[in-house]
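Each of the next two complexes has chain A plus one more chain, namely chain B in the first and chain C in the second.
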Partner chain A sequence: MAALATGGATRRGIAPSFRRAGEPGLAALPGTRPSLRRGQLLLSSGVPSLDAVLGGGLAVGTLLLIEEDKYGIYSNLLFKYFLAEGIVSGHHLFVASAKEDPADILKELPAPLLDDIYKNEVNEEETVFKSKESQDYMKIAWRYQNLPKMEASPAASSRFGHYYDVSKTLSPELLQSTKWHRFFLPEEISLQPNINICNMTSGYTRLLQSIQRIIYQEGFDGSHPQKKQKNILRIGIQNLGSVLWGEDICCTDNPEDIHSLTKFLYILRSLLRMSLSACIITVPAHLIQNKAIMERVTNLSDTVVGLESFIGSERETNPLYKDYHGLIHIHQIPQLNSLICDVSDTKDLAFRLKRKLFTIERLHLPPDLSDTVSRSSKQDLAESAKLLSSGCGAMAMGKKHLDF
Partner chain B sequence: MFVELNELLHASPERPEQGTFTLLRDTRTDGSFLVHHFLSFYLKAGCKVCFVALIQSFSHYNVVAQKLGVSLPAAKERGQLVFLEGLKSCFEVLFKEEPPTGQPNPLQFIREGGSNLKALYEFVRTSLTPSESDSWKCPVLLVDDVSVLLSLGMRPVDVLDFIHYCRATVCSQLKGNVVVLVHSREDSDDTENELVVNALCHQSNLILWAEGLATGYCKDIHGQLKIIPRGPAVLSTERDLPRTYQYKIQDRNVTFFARGMSAAVL
Partner chain C sequence: MLGELVAGAAEGLVLVEDTVDCEGRSLLQSFVAAAACRGECVHVFGFEVSEEEFRGCLDPRAAPQVQYHDSFHDPLGWSGVGLEALGAQESWFQGLRGTPGGAVTVVVDSLSWILLRQPSPAVCQALAGARVQRMLVLLHADLHPPGLLGVLRSLARVVVALASTSQGLGVGRGSLHLASVFQRMRAGKVVTKKEYYTLQPGFPPMSVEEPRGPMSPPRDDDTMAHPGTWLTFDPRAQLTFNPGVSVEQRQVRDAMPLPFHFSPCKKLSVLDQGGQIYYEPDPGDDLDDEDPDDDLDV
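Our next item is the complex of A and B:
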């Protein structure tokens, strides 16, 4: 059962490679792609540039933890991208929140950029490319063919990972066709009397039971293999750890139950690893008073991404950052089924929200175009660049000496 | 099993040492490659291994072990490996309805909420106590990782008690080895974890400390490994001094080199 999730290909690796043509393999699941080197199934986070940074995508059975930015604007956006990607790929959704009604969250999902003209273009391109390939293999720019396709054109990832238009919302028809489950904490509390297993905050206990029930009922744990077509469950949990979940780690340094959140994450991890699902959680990390909790939470999650928006900070007006809306810190990338993890070359990453798209880019200094740049302003830039490198390197702690 | 690390530690799978407590410690980086090393090392050495894997699933360890040339399912069938998959047991404790037959689940404490690692210790003891028919060399306990126990609500005292009991049983009584992984950070606010790490450092015979580079991430050097032998001071020789090497993790191997001697910068 566990082999389904992160070691899907393991079983295949041992078994003979022969496979009947009609047999649906795990790779046939919509909206996923197998990572052959790792032997796992990847799915898109909804932001192709984030997928590229995380080594191709999120592995099925893992947990993506987003540390919210101060006002929760951009983390909310990533949350919605993740869910919208699920809807477009035909996955099942599970939306849990203590603040907004899940139905309202779904109504505000961004619309995918999937118009027909665009699709036709892609097809044409592909056919042209194929006919070229079938001819004599001659290429002028042969040196570039081995380069990684990081920020390729949208066409390259049109099946895995989509681009979304944040200015429009998802069409209601698309929403109706997807199967989704809701968990709205205020409703759930009024439904049942107080229950408490394993000394967790009751909201967490309920949420876990609810997730477990759906995984079991809908067969995401592989318990009814012949019942129906396999699918992926995307779980989204909003503002976990905030006061609304009945948690006091945001209010005090010495909360009553320091282990509630970490226990929840461990049990959630066990649920995820045993099923065909992936989870996104946003946590208001800047509010959590006791930093020890955040360290443990990081250890118990798979991928950890921190967002730092410039809104309200002095960096907003800094000329260095004028192209960007914030910095993104990749705190942790899981090493699944392998000794090493795919780490991108640079850790200096920034995000920006264009008119329609949210993208993550490598941070670089803006070009100095004016002729009358004074020396002092250049120095300013250099200073702020220093400030940046100290703030950005996720692992850079000391700055005193070089090791080599 | 990484051959270069064996050379650095003067260890060989033909004659594994007995009665040592090895602490694997990582700071700002992931030290799990050391766990994979010791798992494959002791399986190749023909020791009976009890692996308490709390943080990852069996399939993960299995895929990596295959890359290192060891088959975990085969070792399990031979009876050489006893694998406790923490995530799976946790699920069974909480969501499986039927009462367990006979033995209590080692992770019973998650459900009960108390701070009691007795069931886990009993599990370790029964699985490592040699029976008549066994022909394995010495018993080995591997834990990945101890910090999880603290996250699950154990008090530091209970965790230290658990390790102490294991050490007394496995190291002294059965003449075996204990290998344990912990996470730590210098600037950590997690005082409970630091307490456990310090106490375990004090008890250990050998510390392998993987650190991320202080200057930040580098593509060609993944970190540095401090080897700190902690034998009695009288017996210490030249080779028992603490040493530091830098390492680079590859797909199936880890290369070690002296500081500043990376092939990439020379």
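Our next item is the complex of A and C:
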């Protein structure tokens, strides 16, 4: 598709020989590509394997909710990948947190892998194959020899997803050239101690007002049509729903305002839908006491991904899981402009973090060879199969609410 | 690991959870004593015990390093003088904001007292917002719902959960306790360790080996059971045969061919060359090489 080639080919200088007549429009936005199936504009979430699992990427105007793992390590990493992808693609950022200063978060973003290094590492097998090809080189028609080669697969040509090196941080020059906005709750409270609360926890009210102001001022909702270059706003909200935002759904079963978080998400999603933006939110789902809240939150979000890390659990030492660092559960994928969503057929996905790669793979449990397998590992297999088939990591806490 | 934490390796929010069976104030006092000996400035907010009792075990030479904010005698601020007029809870918030940042240790004895009287979000925000090097907080785990404990553990950098061993060697100081230490390191790693320790007043805790002998295992035992606890007798001493294998015996055993490994000489001895069939005809057999169908006249 010409739009794809336009979006990604500028770096290589490849000139496609035909263009689609009509509006260049949305496909000219940097770092996006149109979805192959639904015509939605997609953004990369920063992790190419997560993009593949989510059906190509995150649609513009939607919300990605990440249910944090127990110690918040991998959810923080996904959060940083999202922001780093925004910086590399040239989008605007809005970082909100009640725990860490946004400037500190941005300083610790992982550095992107440059093109040539990435090619050397990931495409090594392809070079071997190509060298074999050149030996029986066939002469093609003379006219086509002079044209530059077009890449066969669309994913390789458009720089849609990038790989990041976790051990290095983003260079300060790249950070300075990015336009970003911040929201740090203790700072906002100290600046404006009194605020009229409209049926919501004050932290959420301030955050919504801040987001709305930025969207309007910078013209992401189309309110300043004279601005030449449209861009995407990537919003990242860290650790929403925790105590530090001023609400107690994590502390007790009967919080004071049980609907505060759900109201926030409702208003946030309407802000996202009417602007060129996408949002990532991490929620400490394992701490929220009332499971009904998490169900409502899941319904109000578009894409919901749950992380379950093996740190501290008995699976860390289990040889069945030794290659992986945790499980990832895709709880919900949105149905935008379609009747069905492309959910992958496998529910057993596990993730692994290497220094330069965060991959999500199908979890293959080895076959149960009856004679050689000892009793204890059979139990492990049965238990893990039961947990995986239920498709939900932390179910133990929820059982309390079902007992009469 | 507990000893290192007391000696100054702990940073950020350190949560000490104690229970009815095992009190944690003595551990807190040993932290304070160690910090004072190192010459650091310590601010103690006391709500549950009087100042004299808390300072009881401290070295008198190190006493000026420790600044005690007493809210035990007048918790509601009825004496109406200055900061105390606010009441103990408010004065804690104010005092926390007022402590100088940097190499200061703040000790709160105990946080449960405050959590029972103030809304927990505000308390957690105050804890997270304090910019001191080390904040040591005592929490009575029995008094709070599990949700609140989970929240505080997620906020804390180091969590020390204390439990008593079920058959302690006597009650009070000097008895054996079990500490489960959970520490969140900088690079995102998490370290968990369980160790036994004894505490003498005024001295840092001494970690000891797991108790041996006829002691039942501690109550919060899980799959990480200490291996050497119960094996005090050797079953081999009562056998009439020797189950062990000496080195020569092992070598001979390894050199022996296994029954279904077919080495060439074994194959020759077992298998025949050629595959001849030898058949002795039965009495009733009619061995005729001609095809009986040839007689048919079709």
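Keep in mind that, in the parts below, the second predicted complex is superposed on the first by the 294 of 404 C-alpha atoms of A that agree within 3 Å, B and C clash if a C-alpha of one lies under 4 Å from a C-alpha of the other, contacts with A are read in each partner's own complex, and residues count from 1 in each chain.
We take it that a residue touches a chain if its C-beta (ideal position, glycine included) is under 8 Å from a C-beta of that chain, and two chains touch if they have at least 3 such contacts.
Source: prediction; values computed, not measured.
*Asks:* Looking at the overlay, what does A:365 touch: chain B (first), chain C (second), both, or neither?
*Replies:* A:365 contacts neither chain B nor chain C.
*Asks:* Looking at the overlay, what does A:284 touch: chain B (first), chain C (second), both, or neither?
*Replies:* Second partner only.
*Asks:* Of the partners chain B and chain C, which touch A:252 in the superposed model: first, second, both, neither?
*Replies:* The second partner, chain C, only.
*Asks:* Scan A:212 for contacts with chain B and chain C and give back first, second, both or neither.
*Replies:* In the superposed model, A:212 contacts chain B only, not chain C.
*Asks:* Let me test your reading of the model: by the given contact rule, A:103 touches which partner, first (chain B), second (chain C), both or neither?
*Replies:* It touches nothing on chain B or chain C.
*Asks:* Considering only the touch criterion stated at the top, classify A:262 as touching first (chain B), second (chain C), both, or neither.
*Replies:* After superposition on chain A, A:262 lies in contact with chain B alone.
*Asks:* Among the partners chain B and chain C, which is in contact with a greater number of residues of chain A?
*Replies:* B
*Asks:* Under the stated contact criterion, what part of chain A meets chain C in this complex?
*Replies:* 71-73, 76-77, 98-99, 186, 242-248, 250-253, 284, 286-287, 289, 311-312, 314
*Asks:* Quick one: which bits of chain A touch chain B in the complex? Just the residue numbers, please.
*Replies:* 2-3, 5-7, 10, 13, 38-39, 61, 197-199, 208, 212, 259, 262-263, 265-267, 269-271, 273-274, 290-292, 295-296, 299-300, 335-341, 343, 345, 347, 393-404
*Asks:* Going by the contact rule at the top, pick out the chain C residues touching chain A in the complex.
*Replies:* For this pair, the touching residues of chain C are 119-122, 124-125, 128-129, 145, 147-148, 150-151, 154-155, 184, 188, 190, 192, 223.
*Asks:* Once bound in the complex, which stretches of chain B touch chain A?
*Replies:* Residues 28-30, 32-33, 36, 55-60, 62-64, 66-67, 85-88, 90-91, 94-95, 110-113, 147-148, 150-153, 183, 185, 187-193, 212-217, 219, 221-222, 224, 246, 249-252, 254, 259-260, 262, 265.
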